[in-house]
Structures are given as structure tokens and as C-alpha cells.
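Remarks on the structure that follows.
Letters are used for the chains, namely A, B and C, taken in the order the chains are written, and counting of residues starts over at 1 for each.
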Amino acid sequence: MVTLQTTQLRTGGLPVKEKRSAKQRAGTLGLILPGSIGLFVGFVLPLIVMIRMSFNQHGTGGQLVETLTFENYGRALSDPFYWQVIGNTLWLGLLCGGLAVILAYPIALFLTRTTSKWKGVLIALAIAPLLTSAVARTYGWIAILGDQGIINGFLMDTGLLSGPIRLNNDMPGVIIALVEILMPYAILAMISGFGRLNNSLEEAAGTLGASRFKVFMRVTLPLTLPGVFTGFLLVFVLSISSFVTPRLMGGGRVFILATEVYNEATQTLNWPLASALSVILLILFGLLVAGYQQLTKRFED
Amino acid sequence: MRKALSGTVITVIYLFLLAPIIAVFLISFNSSSALKIDLGSPSLQWYQEMLSNSAFIEGAKVSFITAAVVSVVVLVLGVPVALAIARREFPGKNALSAFFLSPLLVPSVVIGLGLLLVFQPLALTGTYLGIIIAHFGITVPYVIRTTLMSLKTNDVSCEEAARVHGAGPFTTFFRITLPIISPGLIAGAVMAFIISFDEAVISLFVAGSGRTTLPVEMFRYLQYRSDPAIAALSVILILISVLLVVVIERVVGLRKVMNS
Amino acid sequence: MSTNRRLTRNKRLLTIGASIVAMGTLASCASSGGGDADGQTTITVLGYTAIFEDNFTQAVIEGFEAQHPEYNVEYVPSQNSAEMLGKLRSEASNPTVDVAILDQSVANTGIQEGVFAQLDEAAVPNLANVVDMGLNAEGYGPAMTFDNLVLLVNPEEAPEEISSIQDLWDAPDNSVAIPAAPDIQGIALTALTANNLGADYQEDIQPAIDELALLQPKVTSWDPQPDVYQTVTSGSAQYAVGWNARGQVFSDQSDGRLQVVQPDDGIAFQVNTINMVEGTENAEGAQAFIDYTLSKESQESFSSAMFYAPTVKNAELPEEVQARVADPQDPNIVEIDWIWMADQRDAWTDLWRRTVIGG
């Protein structure tokens, strides 16, 4: 705000204002244009082409027929299977978001409060997984959760199990892996959102006789809630659009929008349906983000 | 007692968080090709195997080249936009900044499919140009954000002073603005590099049968093989990231990067 | 055909858009294949990647180039048939590929879209040797390889030997890997199951689907990652269904951990056809290459390398190879009309998802 005022004051005092502002407008355009064209080609154009494709038809024998039809949306929305896919997708997002937040919260709280000289290292360790490719970490989880993996191996060696339990190749494995893979985002969001938290406030409440539980519920939690919300939304959004982990660990049992889109696009070559599903995913996303913004706005008021 | 309890909880969560990385690290020294930790006689055979895999080497080359080009292109095209948003007044400014952040709000599968539909008729799938265009959209929001941050936290008075003393806009930018915001730029470029280097989903769609990036090669490898060569490769990649972080820390200071 | 024209128009629009960005950023990134150095004509062949590419290059392409020094073959590998069709579809107006080897049902979609051209019998004399089952009625690309659905067993981990598709229903829980539809291995399994139930798969598929649904607890993965051959070799699954050719090749590399069993209750063929691309500027070279792949010599050498059954009558395989390859005359063959199937694949996939996997 301060910067804006200075600029206005200065230009306002110049006699050659008109000329300069025309020149400046051209300059502004020159600054904005190249980047905008880049984003148009790499982002907007693909979305437009995809939306157009969603009104085409997948003809008999897999032919692509250029036309204008709502058939694909009709098929996707009138079919209970796709409702189940949408449901699965949302459920996966909610569960991952919830679990990631629950696990990330103590870590974020600890990292905000700690005065240890290892603080830097501990923060780095919590965020380090972000620097490791999701494909590599998914591989790690397959090794841990697989039928011959570390967990099943341990349980069978100790005689707690006679045969392996199915952790990989189904929804539970996907959820475990996704929670871990996306948790660092929640930790990051929370650490930066916990700025308002400050030890003296909690201490004050404590000396005034509030129990630890009460201090947490009345002071800590409300102050950290915005960070928690951001963390949840981030993980929710990222898990809804996750693809690599559900694909490698789902065992063909996990049907979510992202894997459906990929299958239709690359296996059955039904581009119109893949596009329609993408548009549905996009709308779902938009609604959720808008709803979330409303929520945070109300919360902040 | 309480302290011990909370200490245990924190340790357990940390273990969970690092579990796959630890597993990958141990498996990379496996003595057999089994997909489990098997350190009967630790060996480096998978590192050898990985280095002799031409798909990995080619993928790494493609990833390095695209990530490097993307981080330069995204700076050259993104920083002016951030500059305009922070320093100029024009109609539709809010819309423009929303526009440049919007790729973050679109699932990667959706962007990937759209790009596939655009690229296939143009024969851009599996080309450097295709991958670079694809990665531009998802990295530009980060560069604009980091640049905006450093522009906003720095006063315009220096730039004003330079202008008053007769410096042209270019001189002002290169002599004054650029040095001030350079930590933000480096942070943005590094993020763009890492995101482009790690991106798997969009690249998978636009890879086709031509050039592919390393994450796509790894994904495809996992569809046919599950031996620890992938683990060995991951360990190398982790070491490179750590090295990168250390270098940034030495050059600009990690805190500045993290803060933005 | 208006599809094509409109696609072309879209293409032009897109080209303009893309080139704007291209100009500012990168001019020299695209790399194209080298010129024809010694007056040779290049034939571009699109086919499967990985072991198919390796074996095909050694067993077929090298022989062709030795026999026809005027040609040189460039092989473009692709992940699967659908991806190949996607590529051919998108460059229909300006093809860079002359010959494509892909699955018959996907090829049929391509034929309907006008992506492939009819062959000239005079230019492909070896067509006369192709078995009836491998010929296209309208003169499009013929079968180049036959493969068949087999049972894969890990003899070290599997509790019992199996000999038929039906035995899968007696497997222990969590022990079988099956690539579900839309994968054609799942589709072929459905047809074999229908046959075992005495039903005609073209009439009513529901009984077979209900039967497959009973497999649910036995199955550890409906989408094995990595593929079925590695999944069985590593012991993550004890049983699986897969293709004979790859099964045999990987079996040889498995130290006895992967065994291929020809099911005694039904053999389902998968067909790869070799097709000439419509609009190729090199029809002569393309057909010369197709003709060579149908020659006795090429068929024998590729079959010996990869255990595909030959598609020509005059091929004679060494005994040890013959024993590991299905015979197109086998009485157990359950004929699958893959062209009919191309239309049904979506519907069958739906049934699989709802009843077999979801059920």
C-alpha cells in the first residue's frame, strides 16, 4: 500500500503525465504480454481444446466423431458407476486430508515451539520427502506394504500371521502412501500458518489456572486453526488429483477420477469421455476451492 | 512422563514420514532382485545396473535439459509479469494475478489430458518443446509468487531515487531492482527446476513414445520391473537434491528461500 | 471424412498458437531423423517397445535390410496399440509412419477411421501363404504374429500344479494376478470362461461375468504392477494369466521361477496385424517390408526368437520351438472375433468393473 501511494504521488506531480502514462501503458503491456501468451498456450488453450473435445462423440469401433453432443456428460452422470468413482475420489481426498492433518499437527506444533539447536535439521527432515520423487516414494511403500514386504514379512516371521494381509493393491495401501507423500505439504502450510501462536499466551492461560486441555482447546487450537484448514485443503486437493500412487498401488481396485481419465485417454482412446470426466473433476475442484474460500472468509471475520 | 510421551509420538510420526525413503535407501544395497529388504550380502550391483540403463540416462538428460530451460524461460517470462503486478497500475490487475496462479488449482491429470489433445495433432508429444511448454504452466505461479514476495518486501525508494537521478527504466531494473529481488528469483528458479524435474503426471501424458523425463522413465520401468535399480536411482536423486539445498543455503541462505 | 478436415483446421490453429511461443523461446530443439545418406529409402515402422523391439530388430529388420540394401528401417517404439493408434490418428493428414504393427482389434478401429490402406496383392506375394484366420477380408493388413493366453505359475511358491483355466477357481485366496479388462488379456479370459460354461460369448456374456466375479477373493491384483511375468517370477502372485510369447521369453530368464502352462480347456489367440499407413509416400517400400515379414524365413526367425506362432502355412519351426508355441490348427482353439470385440470392449469393461472387480 505504501509503495502504491509513493508512485501515485510522484507521477501525479509530473507535468508530462499524459505522455508518460501512455508510454507506461505500452510498457506494462510489454511486461505482461509474453508471459500471458505463454500461459495461454501452455494452460488455457489445452483446457479449451479439452472442453471442446468433451462434446465430441466416441463412435462405434472407437472412432472419434466431431460433433456437438452432451452424450458423454449424460453417460458419466447417469451411470451409478461414475457416481461411485466421484464418491471414491472425494472419500480419498477427505480421508487423506484428515489423516495428514492429524499426523502433521503434532510435528508442526513441535517445530514451531522447539528451541533445539537441531531445529533447522528437523525442519529439513520433515520437508525432505518433498525433494524425493513421488514415484520413488511409492516404490518404497510397495516394498513396505507388499505381500512379501517388510510389514507382512515381520508379521509372518513372528508368527502373528499365517498368510500375508493385503495392504498393497487396494485402497488402504493407497491411503497410507498418499498420506505420507502429501504430509510434508500439510506440515509446511501449518508451520507458516502458526505464526500467531506464541508461548506467552499459553503460559498466561496456564498461570491463570486453566488446565492443559483447556489451554489447548481455548488458546492453541483456535490460533492454529487457519493453518490446519490450509493444510487440509492442500492435501485434499493434491490427493484428489493424485495419479501415480493410486495407479501403482491400487491393484486395479481403486477407481478414482484421475485413473479413469488416464485409462480412457490412453487405453481405450475414448478422448471425449476422458475430457468430460476431466471437466467434471475440474468443476468439482472449483466448487471445493470456492467453498473453502467462503469458509475461511467467514472464519476470519 | 508427558515429555517422553510426546517425544515418542513425534519420533513415530517422523519414522512414518521417512519410512519409504529409509526403505528405498536400504533396498538399493540389496543382494537380490526381490522387492524387500535383503541385505544378506550388501552389494552395489543395482547402482551399476542403474548406470548401465540407457533409458534412465537418457531420461535424466531430458529432465536436466528441460528443467534448466524451464527455469530460465519461466524467469524471463514470469518476472516481468510480477514486476507489472507489483509496480504498475492497470485495469484487470487482480484478474491477471489470479490468472497466473490458476494453474495451481487445476488437477495435473486435467492439464495433462488437455496438453495431450493439443500436442498430438502437432506432433509435439515426446519433444523438448512440448515438455517445456507443459512445464511452463505449472511452474510460472511459483516464480511469480516468489518474485512478488521479494518485490513487496522491498521499498521502491531506491528505484525512485535512481529514476530521479536520470536512470532509464532498464538501467534501474538491472542496477537496482534485480539485485534486490535476486534471492526471490533464485528461489523461484530453484522451485521451478525441482517441480519440472519431479513432475510425473503431466509429463506422462505428453511423453508419447518420444523423449521422456526421468520420472516417466521410472514410472514405466515400474510397470515392467520392480528390481532395486529404481531404489539406487532414487538414492542418487535424493543426494542430488540434498546437494542442491546445501548449495542454495551457502549462496542465498535457506531461510530466505523458505520464507518466500 | 469431415472429421479429418476439421482436425486439420484445428491443427492449423494450434500450430499458429504453438509457434508463437516457440519463436521466442526455443528454435532448435526438435530433432528429425537424418537424411538418406547413401541413396537409401527409409521405411518407418511403428511397433511395440522393449523386448518386442529388441527381438524384432534382430530377427526381422536386420534380415530385411540385408536382403534389400536399398532400404533402411527406422523402428519407432510405442507403449501399446492404443498409443500407436493415437499417434496415427493425429498425423493422419501427414503421416510420418509407413508401417504399423498393432493389435488386430485396435487396427480395426484404425481401418474404420481410414488410417490404414489396403494392400496390393501383387506387391505382397507372400499374402498367399497366410493362413485363412490371419487374412483381412477387405485386403487390409494381415496377421503377422499369433499369440495365445496361457497360465503362468511360480513352481517354487505355488502350492499346486494347474493345467486349465478352470483351475484358477481352486487357487488359494490372494494368489492370482489377472490383468482386468480393458486389457485384452482380461477380455480373452472372459471369452474362455464363457466357453467353459458352454455359452457363446457373442450371445450372452453375463454367466461368464458372474463366474469371474467368484474369482475376486483369489485375486491379489487386477492390474499387476509390474506386469504379470515379473509379478509371478517375484512370487507376489503364484498364478496369473498372460501371453505365451512374453511368458516363454521371461520364463527362460527366470531361473525356473516362471513356468508357462498351455491351458487344456481352451486356447484364445491374440493377433498382431501388420498394416500399411494410408497416405504414405513410400507404399512400395512399405509393402516390400510387409512382404518380408510374411516370408518363411522371417516368420521362422521371429517365432524362434519370441515364441509367437507363425501366421504363414509354409513356416517350419524347430521341434523345441514348436513345442512352446500354440498351433493355429489346435482343436482347443476358442475363436475370438476381435473385430466384433472392438465394439464390445467398452461394454465388457463396464461389466468387469461393476460385477467382477467391484462385486
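Criterion: contacts are C-beta pairs under 8 Å (C-beta built on N, C-alpha and C of every residue); 3 or more make two chains touch, one makes a residue touch a chain.
Quick caveat: nothing in here was measured; it's all calculated off a predicted structure.
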**Request:** Quick one: label the inter-chain contact graph as line, ring, star, complete or other.
**Result:** complete
**Message:** Measuring between Cα centroids, what's the chain most distant from chain A?
**Reply:** C
**Message:** Nearest whole angstrom, what separates the Cα centre of chain B from the Cα centre of chain C?
**Reply:** 37
**Message:** Can you compute the centre-to-centre distance for chain A and chain B, using the mean CA position of each chain? Integer Å is fine.
**Reply:** 16
**Multi-partner residues of chain C (at least 2 other chains)** = 7, 10, 14, 18, 21, 25, 83, 86, 89, 225, 234, 236
**chain A: positions in contact with at least two other chains** = 34, 38, 41-42, 45, 49, 146, 148, 248, 266
**Item:** Multi-chain contact sites of chain B, meaning residues that touch two or more partners
**Value:** 34-35, 73, 118, 133, 222, 226
**Message:** Can you tell me which positions in chain A touch chain B when the two form their complex?
**Reply:** 2-4, 6-8, 10, 24-25, 27-28, 30-32, 34-36, 38-39, 41-43, 45-47, 49-50, 53, 103, 106-107, 110, 120, 124-126, 128-129, 131-144, 146, 148-150, 153, 177, 180, 183-184, 237, 240-241, 243-244, 248, 257-258, 261-262, 265-266, 271, 274-275, 278, 281-282, 285-286, 289
**Prompt:** Inside the complex, what are the residues of chain B that reach chain C?
**Reply:** 33-35, 69, 73, 118, 120-125, 127-129, 132-133, 208-209, 220, 222-226
**Request:** Name, in rising order, each residue of chain A that touches chain C in their complex.
**Result:** 34, 37-38, 40-42, 45, 49, 60-66, 81, 84, 146-148, 163-164, 166, 169, 247-253, 255, 263, 266-270
**Fill in**
Given the complex, residues on chain C that touch chain A span 2-3, 6-7, 10, 14, 17-18, 20-21, 24-25, 80, 82-83, 85-86, 89, 106, 108-109, 112-113, 173-174, 179-180, 182-183, 220-225, 234-236, 342-343, 345-346, 349-350, 353-354, 357-358
**Complete:** Within their complex, chain B touches chain A through residues 6, 9-10, 13-14, 16-24, 27, 34-37, 73, 76-78, 80-81, 83-84, 86-90, 96, 99-100, 102-103, 105-111, 113-118, 133-134, 136-137, 140, 152, 155-157, 160, 169, 194, 198, 200-201, 204-205, 214-215, 218-219, 222, 226, 230-231, 233-234, 237-238, 241-242, 244-245, 254
